Amino acid sequence: MDRALKRRLEARFGERLLGPVRQRHDETEIRIAPGDLPEVMRTLHDEPEFGYEALMDLCGVDTGTVMQTVYHLWSATSPDWLRVVADGLSRDEPRVPSVTFLWKGAEWQEREAYDMFGIAFEGNRDLRRIYMPADYTSFPLRKDFYLPDDAARSPGGGVRHMEQSQAPTNAEPDARVRRSRLS
Amino acid sequence: MAILSRTFDRLTLPGKIVFTVVPLLLVLGAALTAAVVVAGPVVLSFLGDNLPLVRFVVAATIVLLMTIPTAFLIIYMEMKVIALMNLRYGPDRVGPYGSLLSVVHGLKVLAKEDFTPTGVDPIVFTWAPVVVYMASVMTLLVLPFAPGLFGQDLNIGLLYFFAMGGLGVVGLLMAGWSSFNKYSLLGGLRSAAQVVSYEIPLTLSVVGVVLLSGSLSLNQITLDQSGSFLDWYVFRQPLAFVIFFIAATAEANRTPFDLTEADSEIVAGFATEYSGMRFGFFFFAEYVNVFIVAGLTVALFFGGWNAPLAWPAAWAITPHADLAGMGIGLLLALAIIPPAVIVALGMPFYLLNSQVKLWQALIIGFVLFNVVAVGALLGFAFLSFDWVVGLIWFLGKTYLFVFTFVWMRGTLPRVRIDQLMGFAWKWLLPASLLNLFVTALAIVVVESIR
Amino acid sequence: MSFVPGLGLAKGMALTLWRFFQPKVTNLYPEVPADIPPKFRGRLQLLYDEYGTLKCETCFQCAQACPIECIDMGGVDTKGRFAVHWGAPETYGERREESALRRSGRTVPDPVYGHFHEIDLDAVDAILDEVDHDPREMLRILGAVQDAYGFVPVAALKRISQTTGAWYAMLYGTATFYDHLAVGAPETSGVGAAPASDVAFLGALDRALSGHGSDASESRANG
Amino acid sequence: MTSVRHASADDPRVMLEEDIGVFEPIPPYPPRTEREAEFYTLGDGEMFINMGPQHPSTHGVLRVVLKIEGERVVDLDPVLGYLHRGVEKLCENADYHHTIAYTDPLEYISALFNEWAPVMAFEKLMDVEVPRRAEYIRVLSGELNRIASHALFMGWMALDLGGLTPILWSFIERDEIVEMLAALTGQRMLFNYFRIGGVNGDLNHDFMSRLGTWMSKASAQVEANQTLLNENEIFVRRMRGLGVLDRETAFRMCMTGPSVRASGIPLDIRRAHPYSVYPELEFDIPTRQEGDCLARYLLRLDEVKQSLRIIDQCLNEMPDGPIAAKLPRLIRPRPGRAYAAVEGPRGQYATYAISDGTDQPFRMRIHDPSFVHLQAVGLLTPGNLIADTMAIMASLDPIMGGVDK
C-alpha cells in the first residue's frame, strides 16, 4: 500500500472523489463521476507527480444496480496499481467519455465494454460490436442477460429454432438475479 | 450347340479361360498377319520417307511420358530432403523409404473431384493448367540429354527455351484471371511481373555464353564444353552463372522467389481454386520446370553430358569378337558358361553351410548369376555406348542442381515483391549487362591479338 | 548481417545441410510407443478391473465438475437401491436448457428429483439455520434430519448441498455410509406393492435410460 | 446465369436461388460508425480482400478485411469474434476453482500464465499467503512455458515469411518442454496446474530428469537454430525497419511485453510491479531501441536466455516446504476487488476479480495482451505490402484464443 499516493490523490482530486481512496494489498482505488473522467485521466497521465502513462486494463462492470467502467493504470512513480472507477452510470442508458484521446489502444477495449455491457463511450470513433455479430441485440455480460431469450432474438445469435421453441421465451426476469452486495 | 455348351460348363475355370482365349487369339493373329502383310510395306515406306517426323513423334511421346516419373522423383526428393533437413524422417511408409508416396499423391490427385467453382470463366479456367503443363513439356524437347539423345536439335534452341518459358506465364495469368478469386488474381499478376522482370537478366546472362560458343543450339553449346571440366563455361562466365541461377530460380517460381503461390500471403496464389487433376497439372509443371531449369544450367555452364575428365581412350572397350565366325563354339559357350557360373556361385553356400539344401544353393547361384550378368552388361554398355555415359553424367549433374533447389527451399525464407523487383532491375540487370560487356570486350581483344 | 553479401545465406545453407545428416528426432509412433509420463492424466477412458467390471463408481464427481456438462452417466448405486443418472442422451435438450438457466443464475428444475420435492423441507431449513449452514457440521445435520423425518429424504440432501456448498456426491456418500441414516423413502418392499409414486419414478427413469437400464428397473419393479 | 443456393434465415429447409454477384466483404447493413463507413468506401483503384477466417497465417480464426491498392495495403479492419466463447460470463457462473479450467484454454500456447493471473487475484481476495516452494514451482514452470511459447513464435515468424524449417526445429524444443510440463502437471497444453494458494502437485523425478537433460543442451540448441535466420540477408532485409513502433505509440496503444521492450521501454511486470518471488531472482530486462519487427524478434531470443537463467536459479534455490496453503474446500472470499497481473510471453496477463461474498466471482475480467496488440496491426500495416501484414502480425504474436476470449 502506497500511503503517499493516497495523500497525493486526495490533495489533487479532493472534491472530485466520490468516496475515500481505498487501498488493499498493492491496489489503490479512486472513484469519480463519469463526467470528471477526461480531466482526471489527463491529470494522471500528464502531471509528473503521477505519470500514469500506461493504461493496463479497461473494463465495464454491471453491479446489478449501476454500471461502472474501471481503468487500471501503471506508473513508475508508485508501486501500486491505480484503479480508477467511473461510478454511477445508469443501467438504462450508460454513457461515459472515452479515453481514446489519451490511449488509442483503449479503442478496442471500449468496443468490448460496449459489446458486453452496452456502455456508450462518447468520443470513441469506432464504437461498434467487436465479438458479437452486428445484428445481436442484447449485452451478454449484463446481470439480467438470459441466454435463450436474448440470443434467440437475433438471427446471428446461434440459437437454433428447435432450441428456441423449448426455451421459455417469455420468462419473467427472475428475482434471483444476483444483485450487488458489493462494497 | 447344346452339347458344346454342356461340355463347356463342365470345364474348370482355367479350362474355360483357355478354351475362350485360344480361338480368339488364333482369329486375331490371322487378321493381324493379314493386315501387316497388306498394309505393312505402305506404312514402312511412308515412315521411311518421313524419318524426321517419326523421330519427332517418338521423341515427343517419350518426353511427354518422361515428365511423369521425373515429377514423381522430384516431388519425392522435395518431401524427403526437406524432411531430413527438418530433422524428420519424411515419407517412410509407402514403398521402400516411402519412395512411392509421390505416386500415391498422383493417384490421389487423379481420384479427386475436379471442381469448377461458381463464377469462374470455365473455358479459360479449364485450359490454363494445360497451357502451363504443355509449355514445360515442350521445353524439354530441346534439352540435350546425351550425345544423339534429344528431342530436336533446334539451331535457335535457347531462344525457343525462353519463348516457352514465357508461354508458361500466360497459363498462370489465365489461371489467375479466370479463377474469380482475388488471391488467384494477385498470384497471376505477381507471376507475370516476376517472370517478365527476370526474363531479361536471364536472357542477358546467357548471351555471354552464346558469344563464346557462337551458337544458340544447346547441343552445340554442350559440344563446345567437351574436354576436361576446365572447359566448362562456369569457369569462363562465373558471374553469368550466378545471375542465371538466381534468375532461373525466379523463373521456376522456387523459394525464395515463390511469390506466385506464397502460401502464407495469398493462400495458394493462382492455384487457390483448383482441385483434382487440374491442380495436379500445375503441380507437375512446377516440378518439371525445376528439372528443366536444372538441366539448362548444366547444359549451359556445367558441360552438359560431358564427363569432368575425359575418359582415357585406352580403357575404352570396343567389341572385336567376330560372333559369326565362332559358329558352333558360340552355341557351346552359351550352353556351358551360364550353368557353370551358376554352380560355381552357388556351391560355396552349399559346402559351407549345412543348413542350405542343394536346390536352395542353386537358386542362390542363379540369382547371383543374374546380378553379375546384368552388372556386366551394364558395365559393357557404359564403357561402349556414348549416350549411356552421357545420360548418366547429365542426369547426375541435373539432380545435383535439383537437390540444390530443394535445399534452398528448405532453408530460405521468401523475399518480398518489391525486393524481388528491385533486385532484378537494380542489381541483376546491370550485372548481366556488365558481364555481357566484359565478355564481348574480351572476345574482341583476344580475336584482335590473334 | 555480415559485410560479405550472401554469407548469412551460405551459413544457413550449411546448417541445413549439416542437419540433413544428423540423427532424426521424430517418434516412430506405432512401432515405438510414446514416452508418456506417469502423471499424465489425458486418458479419456473408462477402465475395467481384472474381473471385467467397470471401475467407475458412479460418484458423479466428474459430471459435476465438467464445466460444459458434456459428461453423461447412468447406473445403479452400489447397494442396488437407486437407479441414478446424470442424464441420458434423450434429455440433452433439457440439459442444454438447464445449462442456460444455470449460467443465467436462475434456479434449475430437476425433473428426476421432482418426485422428492413434494416433501416439506421447512424442518431441514430450521436445522440448517441452527448450525449456520456450516458444512463441517454435516453429521449433526444429517442426524437431525433423520430424527425429524424418520429417514433422510433426497430432497433434503439436495437442499443441504445447495445451502452449505457441500458436494451432493459427498453428502450422498456420507448418508449412505452410516447405518443409522436411511436415505430415501422408507422401505416398503415386503409390506405390499411399491407406492404409486415410486412406480412413476421408476417408469420415468426407465424412459430416461431407455434400454440401458430397462432390465434392472424392470426386475426391480416386479420384485 | 449462374446462381447459388442459399439457406433462408427463417427456415433452413427452404433453399432459395439467387443470382450471384461479386463477393465483397462489405457488411450487408448500413455502417454503424463513421470509421466503418469510411473504411468500406472504396477509393480509386482500391479493392477489398478478405484475409481469413481460414487463412494459413492469421494464427487462428481471424478475419482481416484488407483494403489494397495493387500490392499495397491502404487500410485494414480486423473482424473478431470467431472464437468467442464468453469465458468471462462462464466464470461468473462457476465457482472459484472452476474458473481456472475456463481461463486455461484462452491462450493455449502459454496456458500457465492464464492460470497464474486469476489464481493471484483470488489469493489477494482471500488474503492467502502462498508457500515459498509453491511460488518457486510457479516461477519455474512459468518460465519453461515462456520458452516454449517463444520457441513457437520464432518458428511461426519464419513460417509467415516462407521459411519451412525453423518451425520444425522450434517444435523440437517446444515438444521437449511440453512433455516436461506434462510430467509435472499431467497435461501437455492446458495444464490446469495452479491452484488457489499453491500448485496441484510437487516436483517429481520424471520432470526433474527431463528438465536436467534438456537444460544441459538447451542454450546450445537455441543458439544453433538461430544462425539459420539471424544472419540471413533475406530475413533481415524483410524485417528491419518494418512496422516501427516508437515509444510514445507503444504507450498510446496500451501495449505491454516484448513488443514495448523492443521499443525501448523497460516495462516488465516482473520488475515494474514485482510479484511472486521475482524480486529475489537475478535477471535482466532486455530492451532494444529500434522498435521494428527484427527488434521484436531478437528481443524474444534474449528473453529466452534470461528465462534459462531464472530456471537455473529456481532449481538452485528451491526451498522445501508445503506446495499449497491451507484453504477451505469451498472458497468464499469476502466482498472486494482485486487486480493481479503477470508478465507472460506476450505481455500482461491480468485478471480483475470482484467478489460479492458468494462462492462464485461476481465479475471476472480477463485482460489478454493479444487482444490489445492486434490493434497495433491496424496502425503499423497501412502503407506496407500484403506480405508485410503477415510479418507485422507475426512479430506481435497474437493468439486468437486469447483475442476472442
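Letters A, B, C and D name the chains as they come in the text, with residue numbers starting at 1 for each one.
The working rule: a residue touches a chain if its C-beta (ideal position, glycine included) is under 8 Å from a C-beta of that chain, and two chains touch if they have at least 3 such contacts.
Remember, it's a predicted structure, so these values are computed and weren't measured experimentally.
Asks: Suppose every chain is reduced to the average of its Cα atoms; which one is closest to the average of all protein Cα atoms?
Replies: D
Asks: Going by the touch criterion at the top, tell me which pair is linked by more C-beta contacts: B-D or A-D.
Replies: Between A-D and B-D, contacts are more numerous in A-D.
Asks: Using CA atom averages as chain centres, what separation in Å is found between chain A and chain B?
Replies: 68
Asks: Could you state the distance in Å from the CA-based centre of chain B to that of chain D?
Replies: 48
Asks: If you average the CA atoms of chain A and of chain D, how many Å lie between those two points?
Replies: The computed centroid separation for chain A versus chain D comes out at 23 Å.
Asks: Measuring centre to centre with CA averages, how many angstrom lie between chain B and chain C?
Replies: 65
Asks: Provide the list of chain B residues touching at least two other chains, using ranges where the numbers run on.
Replies: Within chain B, residues 85-88, 410-412 contact more than one other chain.
Asks: Taking each residue of chain A in turn, which ones touch at least two of the other chains?
Replies: Touching at least two other chains: 145, 178.
Asks: Hunt down the residues of chain D that sit against at least two other chains at once, touch-wise.
Replies: In chain D, the residues touching two or more other chains are 89, 165, 169, 172, 228-229, 232, 234.
Asks: With touch defined as at the start, can you tell me which chain B residues reach chain C in the complex?
Replies: Touching chain C from chain B are residues 81, 84-89, 407-408, 410-412.
Asks: Which residues of chain C touch chain D in their complex?
Replies: 1-2, 5-9, 11-12, 15-16, 19, 25, 35-42, 65, 67, 102-105, 135, 165-166
Asks: In the complex of these two chains, what residues of chain D are touching chain C?
Replies: So the residues of chain D in touch with chain C come to 89-90, 93-94, 98, 101-102, 165, 169, 172, 179, 182-188, 201, 204, 206-207, 224, 227-234, 236, 329-330, 332, 359.
Asks: In the complex of these two chains, what residues of chain B are touching chain D?
Replies: 82, 85-88, 118-119, 182-183, 186, 190, 255-256, 258-259, 262-267, 409-419
Asks: Please give the residue numbers of chain D that touch chain A in the complex, ascending.
Replies: Touch list, chain D to chain A: 9, 12, 27, 29, 32-36, 80-81, 84, 86, 88-89, 92, 124, 251-256, 267, 272-273, 335-339, 341, 348, 350, 352, 354, 356-358, 362-363, 365, 367, 371-372, 374-376, 379, 404-405.
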